[in-house]
Amino acid sequence: MSRKIRMGMIGGGRGAFIGAVHRMAAALDGEMELVCGAFSSNPERSKLSGADLYLDPNRVYGSYQEMIDQERKMPEDIRMDFVTIVTPNHLHFGPSKLALENGFHVVCDKPLCFDLAQANELVKLVENNNSIFGLTYNYTGYPMVKQARQMVLQNEIGKIRRVVVSYSQGWLSTALEKTDQKQASWRTDPTKAGVGGALGDIGTHAHNLAEYITSLEITKVCADINKVVEGRQLDDDVNVLLKFNNGASGTLTATQVAAGDENDLSIKIYGETGGLEWNQMQPNTLIVKKLDKPTHYYRTGVGDLYPCTVAATRLPAGHPEGYLEAFANVYKNVAKCIQAKISKQELDPLHLDFPTVHDGLRGMQFVHKVIESGSSEKKWIQL
Amino acid sequence: MSRKIRMGMIGGGRGAFIGAVHRMAAALDGEMELVCGAFSSNPERSKLSGADLYLDPNRVYGSYQEMIDQERKMPEDIRMDFVTIVTPNHLHFGPSKLALENGFHVVCDKPLCFDLAQANELVKLVENNNSIFGLTYNYTGYPMVKQARQMVLQNEIGKIRRVVVSYSQGWLSTALEKTDQKQASWRTDPTKAGVGGALGDIGTHAHNLAEYITSLEITKVCADINKVVEGRQLDDDVNVLLKFNNGASGTLTATQVAAGDENDLSIKIYGETGGLEWNQMQPNTLIVKKLDKPTHYYRTGVGDLYPCTVAATRLPAGHPEGYLEAFANVYKNVAKCIQAKISKQELDPLHLDFPTVHDGLRGMQFVHKVIESGSSEKKWIQL
Amino acid sequence: MSRKIRMGMIGGGRGAFIGAVHRMAAALDGEMELVCGAFSSNPERSKLSGADLYLDPNRVYGSYQEMIDQERKMPEDIRMDFVTIVTPNHLHFGPSKLALENGFHVVCDKPLCFDLAQANELVKLVENNNSIFGLTYNYTGYPMVKQARQMVLQNEIGKIRRVVVSYSQGWLSTALEKTDQKQASWRTDPTKAGVGGALGDIGTHAHNLAEYITSLEITKVCADINKVVEGRQLDDDVNVLLKFNNGASGTLTATQVAAGDENDLSIKIYGETGGLEWNQMQPNTLIVKKLDKPTHYYRTGVGDLYPCTVAATRLPAGHPEGYLEAFANVYKNVAKCIQAKISKQELDPLHLDFPTVHDGLRGMQFVHKVIESGSSEKKWIQL
Amino acid sequence: MSRKIRMGMIGGGRGAFIGAVHRMAAALDGEMELVCGAFSSNPERSKLSGADLYLDPNRVYGSYQEMIDQERKMPEDIRMDFVTIVTPNHLHFGPSKLALENGFHVVCDKPLCFDLAQANELVKLVENNNSIFGLTYNYTGYPMVKQARQMVLQNEIGKIRRVVVSYSQGWLSTALEKTDQKQASWRTDPTKAGVGGALGDIGTHAHNLAEYITSLEITKVCADINKVVEGRQLDDDVNVLLKFNNGASGTLTATQVAAGDENDLSIKIYGETGGLEWNQMQPNTLIVKKLDKPTHYYRTGVGDLYPCTVAATRLPAGHPEGYLEAFANVYKNVAKCIQAKISKQELDPLHLDFPTVHDGLRGMQFVHKVIESGSSEKKWIQL
């Protein structure tokens, strides 16, 4: 018999940002419930956060190690099924590894981890344990992104020639990290974020989006990497020339110093016979261009869309679905996979449509090669 | 000590539309949990629906009467705190009344009920019982709608002169009610929907939106009411000239035969010194016009916004918040009010910002007067 | 042998607005040249204006009577072919009449004239003289407006059910007429503008646009007419319920107190199977909606468009054509008609596509009926 | 005494595209008139073209040499003042040189000429003859582009950090040059277009736009140059990383294989405190972003704009000005400069705001360096 999937959260205590996003996304569809958490490395703060969330105080832990250890010992019908990791980048690997080793499935915020070595190890752990590992490259959760991917696969725009993906934010236009802004401070700190700044934080989203929609792989990069704000240790403005494995060209941008930009992730893809255009800030519209024909505006919920698009949609046409709904699509599919695993029931293959540890590894590889290119005098760096 | 608020649902079983919306909206913020339900007047269907939702089968009831009766008898720390009513219009009054009489708070889908007599009785019941009654005029839950209201109140566009509100859908362009489309069939049936078709279904949203943002009252109407699709018994296309209590003029439109329109609720408000424009399909943008000045685009999460706007926002700028988030803002405020009542704690007045039974009564009055105007040869009908 | 058509201008001297527009529109295609003018009732001002335009001083006249008289006497290969009248409304009739009586063709700014009696007389004069009379309802000169009209005629959206046309400006939000702003002062003066303020100035454009695109006629109106700015003698804000001769309903708005609006003329037309949407401020886009299908964005110059659309287009796709180009389409067609008449050559029927004295008469009738409705207690007034 | 400036056209006969654009742009403001032309190297075709334009047959020439020779001999009050050259790239230099050497001013279509040697020679000729040489980088003629330039100069967005300019068309997505499409065939032919394909045709516009608005110079480029359509000899898809002389970074794109794109020239500029965004397909809007503030939409004709913006504007707010009006702004300023030179009157410095032979030289340098970069394994090439 099926039941709600039980989630334990690592990180995401008071003052955090992405923790609340994960909780809302996980709650939305009623497929999972938060049952425990290690919300902070400060046990008291963790307790307070747990109380905010109306959790049983006995299941609010002072560390992820404690949580995994205690939950592991609980009866099967009570203990958590998976952990969700919402800590800064340098704290992804530890809890992921421990959870996997103890038989828990994992959902982890992006990027996958701190460096390539960790990434490779996580891939092995997931494969060896036959675990489910969801990575919240949430932007590929949008219905119209899924539609775009299918349209490419179904050859609706012909062989792809050109890809322009850009993720442009302005919130780090000033040295925000020198104030006590928590989000800015760890993201600009190479000991916490890893080798990439804007590149790791948002460039990985852009990379994932481009490869997801096109079903292509980036094979060469030529990068211009900038640290625009004085004193910043990591990149905050990155432009990359791209080559894809089918010969297509393109550009990728990740910047956090585009003053006045909000969260402008956009992609344009051109094939031999047409083009696709999508912008995260108008996520329910997919612009479909045709050579010498009127442009079509595909919309969430309107007309004949691919099954994966429909499956990712909750509302009728014209009822805007946003960031949390896309995020929740990752969680929903993970929940369905865990549920199938637990109940040993057959799984609708549509539920396999979420980013995994393998996407995470690709993202880490991309970051490392772009960084390498940034300091190289050679034009092209092979991925 | 505060706790999650417990919700019992009436209606919203398999095949329904708005029930799932209410559940997602209620779940989003983790402030309430669904504990029981009477999802269908067919007990078996109700059971199946409860199982879909992973509910305790003992708390899945065959009728709302049974649910209210059984829950009333449960211990205080288990029984539901409020009912949420997601049935067709003609089934709003019965459960609302019974719930209120038994000390349960209520959230009800719009419009408030079937006719004016019911509406007046509900107002009295709520007042006499000192109950909390939330009505899901969800569109006023959007952050930018709240911003607009405050801007008007703070005189940022001067005295209001002109209001243009329009709710335009196309889904009833054909006689969909003659297929077995459940949503179409009850909405076009005067024994279930009441005297208004499009008018009751979406015109009430437009009315509520206009009065909410302007803080004005419509005092006179002159209506052109059409039944465009052959054989349809209720209006599907309504245009109304408006007069407001401050002398402003305007128009209100509610149509469901605007072929190709999705869910196009929009409003333009003009004052002596500027104008506001908002469209539900781009809900995170509020266009603010100034005489002979560049137009400003206010955006959810950007810059100095009013506290009520900030309180209605969950995400940073550029992370689209949609229909469900706005809907959830109604639930969140209701939850906070119930919580304050239960815990006898002080309530942040920001949480009082949700539509109530009184807004519902105004909506019913509006519907009845517009219908009256539609068949009158007199130009203006007083509200 | 064909030659450039020779134009004489009445009005449009220094400080005027619309005169320069007519001159640019007439010049654009090289089909006509300005050869003479009576630019002002002040002869000296007329001379100065003529000098600004590099005209032969001998053909710059102190009055339109003088111009018509003198030009009439000139050799056929020199004298003007037609007059263009760009004076305020109350000064349309006199020069139109005199020009027609003296065998000159006419282009006149809208509205046709001051009152219905004049309008009827002009129609007779044009018919009796077999003259060419172009009226610059310039908005129907846009390629995408012509496309829309053809799409309706070719039944691409089915029988029309609903028309929403709105012309919204903000420039008269204050009592600009009390400053020395020339444009404001005559437009708000009933002795110069006629019985309609915003209604005559821009409502007539909206009316013409709606009837042109739909090929329908408005048969009944119910109007709310407002004089919003204190002390204003003519309407500045008008909302009208409409009935069309095929049974369709709709609304028409003409307001000049929509603070912050520029020149927002828009129209939405809904048929049984789809809808059309056009906005003058994005004139090269025609939005074509289909029931349960992706929306199509038709664009000037893209794909297979109707011949009349192509004929009204000068540039390749994506090279914006604007107000002056649409205006010039009226002039170009008038020039071609005059040319055909002079040279006795066959005329491509596409060149007959411009507004005439008959459209002007309909506009005057509309204004008078809407004004009548505004002060009537009866709901509907028949046209 | 001032008079109309007299223009002779070289190229632009029947079947050409850009010739008609130049004629309309030159005619719009009534400051110049076409008096003669050598429209084709085929004398008969030239004659026919002249007749189409109602020209005196005696001033329709069979070659530009003949035209310059004959016109030179005419009396001063009749002969042309300048030539406008609208031939393919490889035919810019000859007529430019001859005209300059014979004392005629020049307007020339872009790019300046065929190669760098020619460009340098033309610069010297212009300087030595003290001639006026206008180059139709027409996109900098738009009012909102001028506004953007002034806002940068006035430090309204702080020191510039980032520039993204892209010119994207789709019309060469197929091997159109293998049909008899005249525009496609010379543009893809290295003996006529020069070393750059898309780069020369539209990349030069993008380059000019970026440098014009920012008042910066591009100092380094790193280019990815593609010939996407099989068999094409010149680039049709170019992506370039940029460095500017103030340290800013950016990207430039010129592609003609973006299937479904029309004429999408757009630019985004980010400074320390804000950003500017402009798109040629919505040319009357300039988006002005501010850190943590609502975005402002500046519009042609609305509010307090810089004098150069106002000078480039012909119509009131909301009356769209398009491509031809921007193009005409180049001509208008050239006309005013020639007029001042002829009449020896003082020139309003606002009229100096048009692209000259020096901008043309910069464009040629840019093309050559980008081409060099494209085949280099070195990352950065210095300009």
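The first chain written gets the first letter, and so on, giving A, B, C and D; residue counts start at 1 in each chain.
The rule is simple: a residue touches a chain if its C-beta (ideal position, glycine included) is under 8 Å from a C-beta of that chain, and two chains touch if they have at least 3 such contacts.
Everything quoted here is computed from the prediction, not taken from an experiment.
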item: Minimal step count in the chain contact network, subunit A to subunit D; value: 1
item: Between the pairs B-C and B-D, the one where more C-beta pairs touch; value: B-C
item: Computed distance of Cα centres, subunit D from subunit C, in Å; value: 34
item: Distance between the centres, which are taken as Cα means, of subunit C and subunit B, whole angstrom; value: 44
item: Computed distance of Cα centres, subunit D from subunit B, in Å; value: 55
item: Multi-chain contact residues (two or more partners), subunit D; value: 261, 293, 295, 299, 302
item: Of all residues in subunit D, those that touch subunit A in their complex; value: 157-158, 161-162, 164, 166, 170, 173-174, 222, 224, 226, 228, 237, 239, 241, 243, 249-251, 253, 255, 257-261, 268, 270-275, 289-291, 293, 295, 376-379
item: Of all residues in subunit B, those that touch subunit A in their complex; value: 2-4, 17, 20-21, 23-24, 27-30, 34, 53-54, 169, 171, 261-264, 280-283, 299, 301-302, 314-325
item: Parts of subunit B lying in touch with subunit D, wherever the complex brings them together; value: 288, 292-299, 302-303
